[in-house]
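Here's a structure for you.
Labels for the chains are A, B, C and D, by order of writing; each one numbers its residues from 1.
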Amino acid sequence: MRFKLGCQLDYTVVTSTTLFLNIEAQGNDHQVIEAQSLSVTPRVSLERYHAPESANIYERALLQPGQYLIRYDAEVSLSPLQHDPQSVSEVAVSDLPFSTLTYLYPSRYCQSDQLRHFAWREFGGLERGHQRVTAMCNWIFNNVEYLAGSSNYETSAAETFSRRAGVCRDFAHLGITMCRALGIPARFVSAYGWQLEPPDFHAVFEAYLGGRWYLFDPTRLCPLDGIVRIGVGHDAGTTAFSTFYGTIDNPQQQVWIHPADAGVKTSLDWTTGAISTASM
Amino acid sequence: MRFKLGCQLDYTVVTSTTLFLNIEAQGNDHQVIEAQSLSVTPRVSLERYHAPESANIYERALLQPGQYLIRYDAEVSLSPLQHDPQSVSEVAVSDLPFSTLTYLYPSRYCQSDQLRHFAWREFGGLERGHQRVTAMCNWIFNNVEYLAGSSNYETSAAETFSRRAGVCRDFAHLGITMCRALGIPARFVSAYGWQLEPPDFHAVFEAYLGGRWYLFDPTRLCPLDGIVRIGVGHDAGTTAFSTFYGTIDNPQQQVWIHPADAGVKTSLDWTTGAISTASM
Amino acid sequence: MRFKLGCQLDYTVVTSTTLFLNIEAQGNDHQVIEAQSLSVTPRVSLERYHAPESANIYERALLQPGQYLIRYDAEVSLSPLQHDPQSVSEVAVSDLPFSTLTYLYPSRYCQSDQLRHFAWREFGGLERGHQRVTAMCNWIFNNVEYLAGSSNYETSAAETFSRRAGVCRDFAHLGITMCRALGIPARFVSAYGWQLEPPDFHAVFEAYLGGRWYLFDPTRLCPLDGIVRIGVGHDAGTTAFSTFYGTIDNPQQQVWIHPADAGVKTSLDWTTGAISTASM
Amino acid sequence: MRFKLGCQLDYTVVTSTTLFLNIEAQGNDHQVIEAQSLSVTPRVSLERYHAPESANIYERALLQPGQYLIRYDAEVSLSPLQHDPQSVSEVAVSDLPFSTLTYLYPSRYCQSDQLRHFAWREFGGLERGHQRVTAMCNWIFNNVEYLAGSSNYETSAAETFSRRAGVCRDFAHLGITMCRALGIPARFVSAYGWQLEPPDFHAVFEAYLGGRWYLFDPTRLCPLDGIVRIGVGHDAGTTAFSTFYGTIDNPQQQVWIHPADAGVKTSLDWTTGAISTASM
């Protein structure tokens, strides 16, 4: 399935500011970049970096004070791997690739050490495999209210767990935290999410199962085969679409994604399909 | 039922120290002090205070450096009010006595504002009354592990809720927090708890229902009609048996309570009886 | 000095709601209520309560769904006690009235247990007395940025201490916390604050010194002799001007205070005067 | 300078347990492994992993229930780079290697977002370079008490900042947090620390300055040229010497390090030398 997507950022830079962007869709066999363009008006020098351990694409720019318009447009074909969830097992910690271990540790927003007791009580006895992570997502969906404005950039999974309210990044943090508490590597994924209302950057997560990274969206706001991956990281703190060192006044953003073809639809049962779009 | 109870504190005072004790059992119609004695060796001047709003008994002493032995002995007859739980209703916030309102607010260890969402989701739809608070106690008993050493004096209900482990004070804090979140006044009660193993000061809580304060013990470690009340307060921070301003090295304590008569037993179903021993 | 002051609350009540108000100025020898009126439109039955331990005045109303306009107007003469700060000493914990002890304990937003080390390091060695609390206020003023929007109703003193930003309630919480950590009873005071910009309810604090409660305002936003006290309590959690159990949509409020006579001015050095307006 | 060092771990494994160790000293030009041995008794299969992004050496073993003795011995020659602190400048964020960016973000124990205000107020105006990080270390040393038992494995830098007490890992976390808040990449370093009393694993940190990683030890417990690096990571959560999935009863450990030659001494001024032992 093919999507047109992109974003536009309007930034009023007040002091000399170093800006990092992570807005480009990742390209790989399951997510092919058919076309894309990135422009900054007025023109500035952009340094582009492809992070080998994450496949994230970063741009860096040193911006002098002024008004900037940043626009990214892409056309992306998604052909996610889709497996029978029953056939996707967990990988014992003793067999995990060492490169996945970094996603087992607690991080800024995912204090898996603090929720260990709960995670084991609630999910420890369930049959292992993809369906166990689905059970976590169902628990989150059923127990946490999706409530715009109920959290802020400091809110962590332990707080979301207590407060029982949050937005997509909080839902993802909670899913990641439960997975890590049970010894399943999990990481944050920022994305263009088709059908997200209102349109914005979306946040989901991936768990490492059966030798691959599988996507999960506990918000059920987007079909899993309509999620175009941008960045992966330990949590929202390391996976921001925009990070700056300096001063930007009242940053504005617009995000869009829609099918490139008319009449398409997805058919996935949103929280039970086992689908993967990661290159590694 | 009649109990012999008391405690002994061995304090090595290193610098001039002001000590507050709250170790005397409260006396009222349901908890009659038959006899009691309080001694400090070597003798010091004790100032005794009966707090009108709580019925707590405090002693204050200014201790110069030295070794002190404080011993409290009492014989107490308990004749708790016992009601049919089905008949004990909640009091609408619009009808609560103003004096109970202070026990509706969040306190240091009971952040009822933070657990409001959960409390409403889990208990908001239950039938109101004594049985709803019992349902909270059952939830705590079933979801939080009683684990010595799992918490410390800084641990609050929001943390206990996330960590799912604690001791009696944490269990009481969590019960208080759930009650307050639902508009039920609730307060901390320190106590001599018969059958508590190992013997120590116990912590339970009271909820204001049907015009009285009813006892609840989510730990199920003591029969409700074997609990001799010492102090009530907003939470453990304001209800310590001993508070000092100065330096005491390695404070030691012993606590005991046993029936004054041989062969007694209690018959209560621990978490479902509606019993009250408060004077107000 | 005489002030006209008041507030107006516009409430759209959505479900049956119990409302508590604490908006009336306290009346005592130092703060005389010359005239006042409180109206709710449409008219509802108001229950008025004068809390004996705090001198706070509460109103309670049970509101059915609908639109309500609540308006309070008062004319108040302030004649604060004013002492030489050098003459106002601290009271040793061993001599404190028992009724002040409740303001020594940590509370929801004032975790004096957590900031004890800092308080002792920074202020432990200073000369005791009114000027030590002034030193705390100066520290807060110099180290915490007054920044609208930097905190929310969950923000506590420990967070404000780390984040170094807050608004008046956070400044008050921090002052209270430092005092308690050093054994000085301290409590939250909500107020009408002359010259506060933009006009709103103000928050300051009181410390118990030399046998009285003295006012402190670490924000330096209002002259201490232009502060008309409304409520006192452990912290903002127990001293809200409005608390409701039910649903109110988008509550609006206006607050005002100005001199009743033309041409008045205050002459206090804001953070160093020792002034008191408490009845007890 | 040459050291003999090592550790011994006594583990009683109760259930099948996957163990990760990170106890081997890193080998590079500035820290040459002259000899080393690692044994597990009884013998088990060890999987060894050299993490390319950190130079950490991990061992993994799947342990069946039983008693295990793990012993590591090494002889290591340290020849740290030593520069004039005045000559070591900071690297502008716009010039940082992308691979260092991961050490700019907040992590589980280093909430640099929360301490940003303080860091800027306290250190923002200082001259940039190695001496600015030294100023942070001096601040930590002067304002935080080194107090065994004052923290636990959940304690984060924001808490240490408020509580003003901690141990070596807390000191390192605080230094890392201040650096990141100011845009200086910083990371946790676990180490064998000569002269640490009582002997244990040590924790220090590295800041990225002038194109290299420089060591800092705000505890001043060890000379910087007596620190043998083991692991680097975002914080203590990702840099544990031992991590296990399973159950180990009462794990015991011994750690040692001493000069291989008699009569040696270090000459560094502990917190002002600019020394580096990192390979990258």
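Keep this in mind: contacts are C-beta pairs under 8 Å (C-beta built on N, C-alpha and C of every residue); 3 or more make two chains touch, one makes a residue touch a chain.
These figures come from a predicted structure and were not determined experimentally.
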Exercise. What chains do chain B and chain C have as common neighbours?
Worked result: none
For this session: Check A-D against A-B and say which one is joined by more contacting C-beta pairs.
Result: A-D
Exercise. How many angstrom between the C-alpha centroids of chain D and chain B?
Worked result: 44
Exercise. Where the CA atoms of chain A average out and where those of chain B average out, how many Å apart are those spots?
Worked result: 46
For this session: Determine the centre-to-centre distance between chain A and chain D, using the mean Cα coordinates as centres, and give it in whole Å.
Result: 31
For this session: Could you list which residues of chain D touch at least two other chains?
Result: 114
For this session: Throw together a list of every chain pair that touches.
Result: A-B, A-D, B-C, C-D
Exercise. In their shared complex, at which residues does chain B touch chain C?
Worked result: 18, 20, 49, 51, 53, 58, 60, 62, 92-94, 98, 101-102, 105-108, 110-111, 113-114, 153-154, 183, 234, 237-238, 245
For this session: Enumerate the contact residues on chain B facing chain A in the complex.
Result: 114-115, 117-118, 121, 143, 145, 158-159, 161-165
